[in-house]
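Alright, structures below, take your time with them.
In the two complexes below, chain A is the common chain; its partner is chain B in one and chain C in the other.
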Partner chain A sequence: MSDETREHLEHSSRAPSVPALNRRQLLAGGASLLAMSVSSTLFDAHAEEPPDARDPMRVPGALPRSYGERSPFEKQTRLVAPTSSTTPLQGLQGIITPSALHFERHHNGVPAIDPTRHRLLIHGLVDHPLFFTLEELMRLPSASRIAFVECSGNSRDGWGEARDVTVQSLHGLTSTSEWTGVRLSTLLDTVHVQREATWMLAEGSDAAALARSVPLTDEVLNEAMVCYGQNGEPLWPEQGYPLRLLLPGFEGNINVKWLRRLKFGSAPFMTRWETAKYTDLLPDGKAYQFSLAMEAKSVITRPSGQQHLHPGFQEIQGLAWSGRGRITTVEVSVDTGQTWQPARLQEPVLPKCHTRFRLPWSWDGQETIIQSRCLDETGYQQPTRDELIKVRGTHSSYHYNGIQSWKIGRDGVVRNVYA
Partner chain B sequence: MSDETREHLEHSSRAPSVPALNRRQLLAGGASLLAMSVSSTLFDAHAEEPPDARDPMRVPGALPRSYGERSPFEKQTRLVAPTSSTTPLQGLQGIITPSALHFERHHNGVPAIDPTRHRLLIHGLVDHPLFFTLEELMRLPSASRIAFVECSGNSRDGWGEARDVTVQSLHGLTSTSEWTGVRLSTLLDTVHVQREATWMLAEGSDAAALARSVPLTDEVLNEAMVCYGQNGEPLWPEQGYPLRLLLPGFEGNINVKWLRRLKFGSAPFMTRWETAKYTDLLPDGKAYQFSLAMEAKSVITRPSGQQHLHPGFQEIQGLAWSGRGRITTVEVSVDTGQTWQPARLQEPVLPKCHTRFRLPWSWDGQETIIQSRCLDETGYQQPTRDELIKVRGTHSSYHYNGIQSWKIGRDGVVRNVYA
Partner chain C sequence: MPNGLWVVPVGLMILVLSIVSAGLSAEIGDGGFGLGHPVSESDIATWNIDVSPDGQGLPPGQGTVTQGAQLYAMKCASCHGPTGKEGPNDVLVGGQGSLRTAKPLKTIGSYWPYATTLYDYLRRAMPFTAPQSLKPGDIYALVAWLLNQNQIIAEDTILDAHSLSKIEMPNRNGFIPDPRPDIH
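Take a look at the complex of A and B:
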């Protein structure tokens, strides 16, 4: 046994008694404010720790395995509802959402699709209607892009009364992945789309046959992809395996999953998914249709609803995103909106992608409200709830993006409020 | 049932007969070269397809679940050896490696660590030696970064004879994740590291007690992180759960996994992992020690070893990376090194990160050799095998980064060769 090995084994067995010593040293030694705030709230946890009975250094570990799994000690999950499940935003790190925790939303369940039997039909106003197998699509020039997908109904509770819920429950119908596939423009070249084609029907092969009309704008022609990959692997079932449409920045359901058909036409197809659903009822009783872009939104994920805070140092963290492009600024208020300070944005800041923001903060233990607001590269600023409702009324179910307010009580409990 | 729904159901039942028609249309219709090459090799697969007996549109799909799994139709795995497993580079998409397919390498197995019992000790030449719990580390200011980790022994077969193996077997000890944790500099501020500290011992709590000496260069002080997160979640067990060191660009083993201790000193600690192993034997019999940076490397992953190619359109794809910074250029040769053309780099191109390159190519069915070479932002160009061996000899086991050559035979089989 080397000296180093011996030394660390000795340290290991002595570990329970050391923190108390260190804490005294730390408090006596003029340590930084940061270190003090760590010490003042957290070291008590060590006090009654039993000696380590299962030291992982004393037994050989597990052998390599062909496909990994997360640690059995980790229990973070999606929150499951009958036709959807939400991403635990409060526990995410960085900007990538693990595929296992990507939100899901479907209208008649997740189909089990054999990829060797799956076909993509492209027809309508094209010179060469074609069926594509997966293998054929994967031989075409490909592209990858990191982008968020957000359900248009995400944050819908914001239209009603403020309930005491978590950020996952309120805002968890948004996730970010690295998507890989074929550009729609490549497919259009292949089938020779006709000049009169101005709309495209995209249809899924789920049991709801969800279908949406996509306007063939420059944005769509430049950015749309038919994707078979997610976070380095084939798509996961809930995200459309084996094929989905990706329309970066557009509301989730039009990013049609389990994609089986693209039909080109000269008018919208007026499916039930853009008439009976997914329109926005305005104050004058008219419905706003094809409200496709997800406008800029931000939300503080830590601390957030139903979490418990200790006074002292915290790093405020959250996510901001815009269906119009890059996030340029996120500002945070820790004094109920009186003052705002810029948060640091995590690089790389990508267009139409979750952007993580961070702000160091020391909570003084007094009641307060914390909020975030973001600005995107088009100059659009996330509205307050009042500003949003002034324009949109409260009849809508979709596209809520008002500023989120979290109230922190003297007891350290964080609650969803309107402010 | 809507018209659209009826129409697609009819299409569904007619599907087997349509491709032949389309193929004739395509061949007769003056379609682009691209579409023709797709059609000429791939549509035959449809011919004997039976009618679809299990249409996913006719049965309700699966309900939401709390933690997803990949499709049971997907079987891609790591290639398992006694103390390691390799990433299937030939099947990856984009730049993110799914955590389940991240390569692993360990010296006495993967320890099972209870995160509530795990501690990080920081001691040695510091004013305030401290134990940190996971919870304490996670309250400190955090950072995320997308970076590759590569085993120094990756591509080691390159030092010997060329064997007929896959790109996974040859080069699969490299993977890219989004890592999240605390900057080393933040921890050093917290413990008040002393001016004399020039080296740091990092030790794992695996049963091998792997420990390495890290020089406290500006690069390390600016970039090193103690990570608890990977691809949005807590680290996965094989990648160091619950805590690992990340030294972007440095050889894999010094990114110590299952991290339990950082000790600061004024000289390297000369552990067995940097004396008996992980040094490079040079032609003159001397060993090169602390060869930490992984130099620029690229490899074509599609087509690659043991794959079978059909004549016609292919997209050549591969990965390039450098432990010194960003990849600036990847060039590909499809004519046994006579001419080289620039490949397209997938955005974002990040420093010390896998960068995917792509080049459209139509294979004429003749025997040839395809190769890639990359340049990083320091001006370093990936060497040929001969150039590398001229400097390094062939006694080494580590840090092989010569140009990879794949020979494509007239039979379409791809083989690893030296050229």
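Take a look at the complex of A and C:
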């Protein structure tokens, strides 16, 4: 890309300082638009005919409404499977996932919970076992945090053959929200957790009574929250309404939704979701257990699988995130991995949060492969698929974070490939 | 001065408030905010449904393999197959020795490290369309049948809290603590 193009890009995102050349172009463009609309009024419209309802300037607009809805022209949706649905990463802007498009994964449906009847019980190795109503939890000191939640089965296709599917289908089990609630540490002080307590069982009030053991590490004690808010509202039902556990950076499943119980103990409880499932089988028959952190991953969301590209300018965009902290670098290759260049990261870069990256690019119409790779603040670099499989084999099911490759054909069609 | 007028009442109010909150704190602990309701273990018995590997949480009751076979045919076979191997939902039986092969089959018999997990899971989540409907005796019987099908216990075993917590599962030592980062 030429310096001139880069300058043009940077300037055009700051409207007040449009350089002279560009202003002239803009004016010219504006003039021709004006000419078009003038001519269409002149030739198509007759004074006695009712105004065209599609012309927003010729009919009064809609009245205020009590709860908003997106424009009827916007159609992007979650992709729904029997026990999950995926976020349309290819259509997201910025870093926040709208609550209505946050991915879902549940083990026996989304429960309908009356918040006035919901209780959180805290017991086990505590001096003062207590239950809380939601109203009481909301009176306690609160905190908010923007963090991603990612299902550990996200990107699991990567362990198998490369299918020709979208980025949503491959990587859409990750979403970012602003979460609000009570710090776990506040609740621990309230019930006086005993010193022998090293694990905490978190249990949901869904039809699976999903339960996970959480190790009481410093990371958990400092960062865990019991949340009732999501993106400025109460949690959405699919995200655990009215109460969920948030363990920033940990695999989605342990962020127990519809939370009803915290029980403190001195050993893991060994539920089905930390033994039969959510353990990572290796080639030698052993399996990782309590592999909780979601390791750094990045993926180009535009252009991405099944999209059609036209030669010429096309900003590359994507998301990167790490369960161990902040993303420090995202590099992009547009030449099948021969060279890599740093992408611009959207500020602020938050720990354990989706981070949007952007790179100006112009496609020359030739076949190529585009890829992204990221580095987090612990120095961990996102591995290639080969590096990952060399250690973990192909039967792990969970925690796939290999570099994603998109092949762009001469026809402009983008396909998921391994490279 | 209006300020002077307020000195005494505010001071009094703070005093009253701190006495009240001290009273509550004594009840629920000093980190307390006077919120939350004390409970006794008997209050929470119906919520306290987890079972630990050492057998803690297993209720009284017992069940046999034969009883389990009947219950399984009635309540489970439609989703997990007549012998637990056929599906359509999770395969529950078989797969022993397969974990290191090209086609690993993870089942109760081949993969699960603790038998107590099976009691815990059936109690909380199965049958899928009527969770938490099984009685303790039914659950012991179903666990017995599933373990017998997986050739882990003999056909004449009577399962109860004691015998269940003594069972050693074949893949008991198949798990290692998370060693990641493990790549590079």
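Going forward, the second predicted complex is superposed on the first by the 366 of 419 C-alpha atoms of A that agree within 3 Å, B and C clash if a C-alpha of one lies under 4 Å from a C-alpha of the other, contacts with A are read in each partner's own complex, and residues count from 1 in each chain.
The rule is simple: a residue touches a chain if its C-beta (ideal position, glycine included) is under 8 Å from a C-beta of that chain, and two chains touch if they have at least 3 such contacts.
Small disclaimer: the values here were computed from a predicted structure and weren't measured.
In the overlay, answer first, second, both or neither for which of chain B and chain C A:Asp114 touches.
In the superposition, A:Asp114 contacts chain B only.
So in the superposed three-chain picture, is A:Pro348 touching just chain B, just chain C, both, or none of them (first/second/both/neither)?
In the superposition, A:Pro348 touches chain B alone.
Go through the superposed model and pick first if A:Thr190 touches only chain B, second if only chain C, both, or neither.
both
Quick one: name whichever of chain B and chain C touches more residues of chain A.
When the residues of chain A touched by each partner are counted, B comes out ahead.
Looking at the overlay, does A:Arg261 come into contact with chain B only (first), chain C only (second), both, or neither?
Both: A:Arg261 reaches chain B and chain C.
Which partner does A:Glu233 reach: the first (chain B), the second (chain C), both, or neither?
Once the two structures are laid over each other on A, A:Glu233 reaches chain B alone.
Scan A:Ser291 for contacts with chain B and chain C and give back first, second, both or neither.
After superposing on A, A:Ser291 lies in contact with chain C but is clear of chain B.
Of the partners chain B and chain C, which touch A:Leu388 in the superposed model: first, second, both, neither?
second
Which chain A residues contact chain B in one complex and chain C in the other?
The answer is residues 108, 121, 127-131, 136, 139-141, 189-192, 201, 203, 207, 209, 211, 260-261, 269, 271-272 of chain A.
Inside the complex, what are the residues of chain A that reach chain C?
Touch residues, chain A against chain C: 107-108, 121-123, 127-132, 136-137, 139-141, 186, 188-192, 201, 203, 207-209, 211, 260-261, 263, 265, 267, 269-272, 275-276, 279, 281, 283-293, 295, 378, 380-381, 383, 387-388, 391-392, 395.
Considering only the defined contacts, which chain C positions touch chain A in the complex?
Checking each residue of chain C against chain A gives 28-29, 31-33, 35-41, 44, 47-54, 99-100, 104, 106, 108, 111-114, 116-117, 120-121, 124-125, 128, 131-132, 174-184.
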